[in-house]
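Shared between the two complexes below is subunit A, which pairs with subunit B and subunit C, respectively.
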Partner chain A sequence: MNPIEVSHVAKSFATTQAVADVSFEVHRGEIFGLLGPNGAGKTTTIRLILDIFKPEKGTVSILDGPMTEAKKDRIGYMPEDRGLYQDIALDRCLIYLGTLKGLSKIEVLNRLEEYLERFDLADHRKKKVEELSKGMQQKAQIINTVLHHPELIIIDEPFTALDPINTQLVKDLMQELRNQGTTIIMSTHQMHQVEELCDRIVLIDEGRDVLYGNLEAIRRQYSGNAVLVRAAGELPSIAGTEIVRQHNGTFKLKLAEGTSPQEVLSGLIAQEVLLEKFEIAIPSVSEIFIRVVEEGDK
Partner chain B sequence: MSKTVHVLRHELVTTLSRRSFLLVSFGIPLAAVLIFAVISILRSDTSSSVDVSMSMEESTELEVEGYVDQAGLIDIIPEQIPSDYLLPYSNEEQAQKALEAGEIGAYYIIPEDYIEEGEFIYIHPTYSPTSSDGQEWMMRRTLLVNLLDGDAKLADKVWNPMDLKVTNLAPKPQYDRYAEEDCSTPGPACESSTLVQYIPFIMAILFYIFITMGSSLLIRNVSGEKENMVMEILMQSIHPRQLLTGKLIGLGIASLLPTIAWLGASYAILRLGGGVLNLPAELTIPPSLLVWGIVFFILGYAVYASLMAGAGALLPNMKEISQATWVVMMPLMAGYIVALMASGEAPHAALPIALSLFPLTAPIVMIMRLTIGGVPLWQPFLAAGLMALTAVLIVRSVANMFRAQTLLSGQPFSARRFYRALLGRV
Partner chain C sequence: MSKLWLVALNEFKRNVFKKSFILALLSVPLMIGFTVGLGLIMSSLEENDAPVGYVDHAGFLENPLPAPVDRSEEPIGFIPYTTESEARQALEAEEIQAYYVLAPDFGETSQIELLYLKEPGRNATRQFYDFIQINLLREQPPEIAKRVTVRSEVTIRSPDGSLEFPAGGPTLGNFLPMLIGVAFVFLLMMSSGYLMAGVVEEKQNRVMEVLVSSISPAQLIAGKVLGIVAISLTQLATWTLVGILAVIVGGDVLGVEWFQNPSIDWGTIFNMIAIAVPAYVLASALMFALGATVAEAQEGQSLGAIFFMLHMIPLYMLVILIENPNGAVSVMLSLLPFTSILTVGFRSMFAVIPMWQIAFSVVIQTMCALGALWLAAFVFRLGMLRYGQRLRLTEIFRSRRTAITKASQS
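Take a look at the complex of A and B:
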């Protein structure tokens, strides 16, 4: 059974339908992207998964069944906003939250030492959390999420406030955990991070899942309406295409409806263009995101 | 170690490590005790500088005083006044010199026209709003005996014409003991400060403060954790009931410690500073009152802190704390007002008795009545039993409110929603 199975869940607050109909599964040992525009229902979906809210419709299975108290110790959760005591020392805060995850104080101290060193927070352990920069607090939250070595991690916007070095640090950690078999659900707006890290995604818009599956398959699915062409000489105009971008001599040609990449290639060969590169353009996650959401709005 | 114990320990340590909490809880009562101890020692030193042979107890209560008898009335010093404690001076200048030299603490001038005007002058170097009029009873008694040609028995009758004996079937009220004291034999107790009568009221205020402070810790704690989103993390780590239990006990202990400190300080001040406040030496806080005080504090805390935790669970942010506190603490305030009105007038009338048994007002009104004394034993037991029952019901009800869905709902707070939630209808 998959670590998470969400089936047609719905949840509303007063007159607002936060989640209308969302279904997806998360496989063991993968990084799963939970995507969507602001207000799409991502956070509510996460809270439904974690049993913070009860769904009005549908079912959620987490770690092979409904949520229990014992399962809480096997899950690491990092909400998007602050989730640390601001007015106590960093190490005291993390020790307390770690012990609430079922670790002994000794275990927490041993693991904490390692993580504080890794995230360059060892010298700040005695500072109050509120005295730390936003980036440091973000790293502290990540430590709190992974300290008890959970088998399932749900992490909302992990890269907020992080500089490129620390972003890489967190990405390395996530990939390391995936390689160890940890399942990770990541909600983020940083699409390039999704491209780099996620194996599969679900895109939620207006409370419904509008795109779901393997990331590469989705990108291939949304490819075909553009090609990348680089020619030795000047690129002639090709019927049914429009140049949308040129970068380092490579042209991105957008295909009109009904025009296939094969027709474009045939047209180029027919005009005896000396081709150096011809490939079907794979859209970025960001492009797919915008296209799907805009289509949904229409 | 169970997660409840982790929460308990965390709340206790975090609260006790706050400087502001330590200052209010322990610093202020300790400072008060030290101030009264120092004043008491200084007064004791002043008294001992007077060369008299008296017991320690007497010497701390009476000062040597002088008098200038311009009317020529005083021939006899009554036997109630220890020898050499009322010294004659031939004129005011000599008396003033003796006062300045520290030989006497004060002196009286009986003017020539005393018989016609009935006035005499009392020269005392200090003035204290909490003290009585010094020990002028010594001169009052001396004049009385001398005006009656030394007839001490007649003087006793004039001093106290009605020797009233009251037999009360209930235990004797504490301050009444002084009110009914046999003042035919004058002494400091008869002249004690009216502050004694305010002690029940002061106890009511203290308990109101203790319970309000302790309960406020809960609402601030819960709403603070909601605001900084720690609550969302906690909900993924611990069962809400474990969290509530740990917080209630941890913060309860944290609140009990200052309660004990303040009660202990009050006790020490009465012992050390009784002389400073001109309280009767016999006045003490009976151990039974201390025990009942702790019992009613714990039960009052359990009731109000649970209610406050429930209000905190419903609060979307800390800005609405004052509104929620007002809704929750209203009954306690009502008890406080009743205690204020009843402490001096009719502490054992029907309304104070009813409110001292009603669980939401009992911690204040019962403590006030117990401090006054004369409360039949079944009443505090009944009140404590009813409060314990109420506490259990409220804790169970609030535990149901302590669910993730309620804690993280973000809906605005209202009294209606609070009471509906208490009844399990939200």
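Take a look at the complex of A and C:
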């Protein structure tokens, strides 16, 4: 059984339908992207998974069944922004939250040492959380999420406020955890991070899942309406195409409806263009995101 | 350690080690100490132990009997002068604080003239009149003279003997129910305020979300209430300790009679504790629910002030409670939630409260407390993750109706 199985869940607040119909499964040992525009219902979906809210319709299975108190110790959760006591020392805060995850104080202290060193927070352990920079607080939150070595991690916007070095640090940690068999659900708006980290995704829009599956398969599915071309000389105009972008001598040609990449290639050869590069443009997750959401709005 | 205890311990530590808590903890005994000290200083300023002179033109005080003096007072020296000019010189030389002149016809007119540069002490005036009085009665048998000079001793006692105002004035025990009532309301508002502020803060910094992914809402509420109870017990223990110390120091060291014989009625104290416990749970649960519904601490404090005012109603109606401690208003306020504890405290000073009223009040407070706990748990689930917006009353009712409908359908 998959660590998470969400089936047709729905949840509303007063007159707002936060989640209308969302279904997806998360496989063991993968990084799963939970994507969607602001207000799409991502956070509500996470709270439904964590049993903080009860769904009005549908079912959620987490770690082989409904949520129990014992399962909470096997899950790491990081909400978006904040999530730590501000007026107490960092180590005291992490010790308390760590012990609430079933660790003894000794265990927390042993593990904390390693993580604080790794995230360059060891010298700040006695500072109040509110005295730390946003980036430091974000790293502290990540430590709190992984400290008890959970088998399932749900993490909302993990890269907020992090500089490139710390972003890489977190990415390395996430990949390391995935390699160790930890299942990770990541909700983020940083699409390049999704491309780099996620194995599969679900895109939620207006409370419904509108795109779901393997990331590479989805990108291939959305490819085919553009090609990347670099020629030795001037690029002639090709019927049924439109130049949308040029970068380092490579042109991105958008294909008109009914025009295939093969027809474009034939046209280029027919005009005896000396080709240095010709490939079908795989859309970025960001492009797919925008296209799907805009189509939904129409 | 179970998660419930971890939450309780954290709640306790987070509040108790704050400077504001220590300040608040010490403020009550300091305030009482300051008030009592100020009273003693004011009282001592009105006393003056310097000798008093007198000029007896009537020859009434030749070989006078000494004035009867209360054990708690220093006896004032009375110095006779032959002439008024001698007495005046002594007054100006500050050898005496004042002098009295008994007119030649004192026997008929009882006229005495008092001369001073600065108003004499009340103790000196009192002792001089006792001095005159005892000498006026010197022809009477000693027991009659003594009976007249010693003031009347009336002990007021309730028919069942459980309430008594001794002749020397009310004892510490007479005031204790009122003091307990006031201290309890103060304690209750302080600690439930901490609870509410903690919940609002955890909502604001989203720790609540992390907490409920680690522990059940029921455990979280129970842990927090336990922590707050521990805080209150700390406050109570500190105040009790300070009170005991004050009684020991005041009674044994300073010899204050009021502290030497406090005459505590344990039955009344037990009654008050019986009402206080559910009243405490009621207030804590409501403040917890309030914390879960509001968006900001300031908003919670404003609404919390309403609870405080409700507890203060007996204070506003103090005159009615004193004038008619067993009247309809007094009985009603003794039974109602919020007003009960302070009303019972005030009434216990002046009347014997029937046992049925105490029992009825305990039942009402307990039922309200249970209802408030249920409400707190319900509202908490609805409002715990509302960021930046208040939970409206209509939403609570609507959610409750939906829950009832679902329950009846299943």
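Definition applied: the second predicted complex is superposed on the first by the 298 of 298 C-alpha atoms of A that agree within 3 Å, B and C clash if a C-alpha of one lies under 4 Å from a C-alpha of the other, contacts with A are read in each partner's own complex, and residues count from 1 in each chain.
The definition used in the following text is that contacts are C-beta pairs under 8 Å (C-beta built on N, C-alpha and C of every residue); 3 or more make two chains touch, one makes a residue touch a chain.
Predicted, not measured: the structure shown is a model, and the values here were computed from it.
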| item | value |
| --- | --- |
| Subunit C versus subunit B on the shared subunit A, clash or fit after superposition | clash |
| Which superposed partner A:Phe32 touches (first subunit B, second subunit C, both, neither) | neither |
| First (subunit B), second (subunit C), both or neither touched by A:Phe119 | neither |
| First, second, both or neither for A:Gly83, with subunit B first and subunit C second | both |
| Touching partner for A:Tyr96 - first (subunit B), second (subunit C), both, neither | both |
| Set intersection of subunit A contacts, subunit C complex versus subunit B complex | 47, 50, 52, 69, 72-73, 75, 77, 79, 81-86, 88, 96-97, 99-101, 144 |
| Contacting residues of subunit A [partner subunit B, same complex] | 13, 47, 50-54, 69, 72-73, 75, 77, 79, 81-86, 88, 96-97, 99-101, 104, 144 |
| Subunit A-facing residues of subunit C, complex | 1, 3, 6-7, 10, 14, 201-202, 205-207, 209-216, 385, 395, 398 |
| Subunit A residues within the subunit C interface of the complex | 14, 47, 50, 52, 69, 72-73, 75, 77-79, 81-88, 96-97, 99-101, 144 |
| Partner subunit A, residues of subunit B touching it in the complex | 1, 3, 6-7, 10, 14, 225, 228-230, 232-239, 404-405, 408-409 |
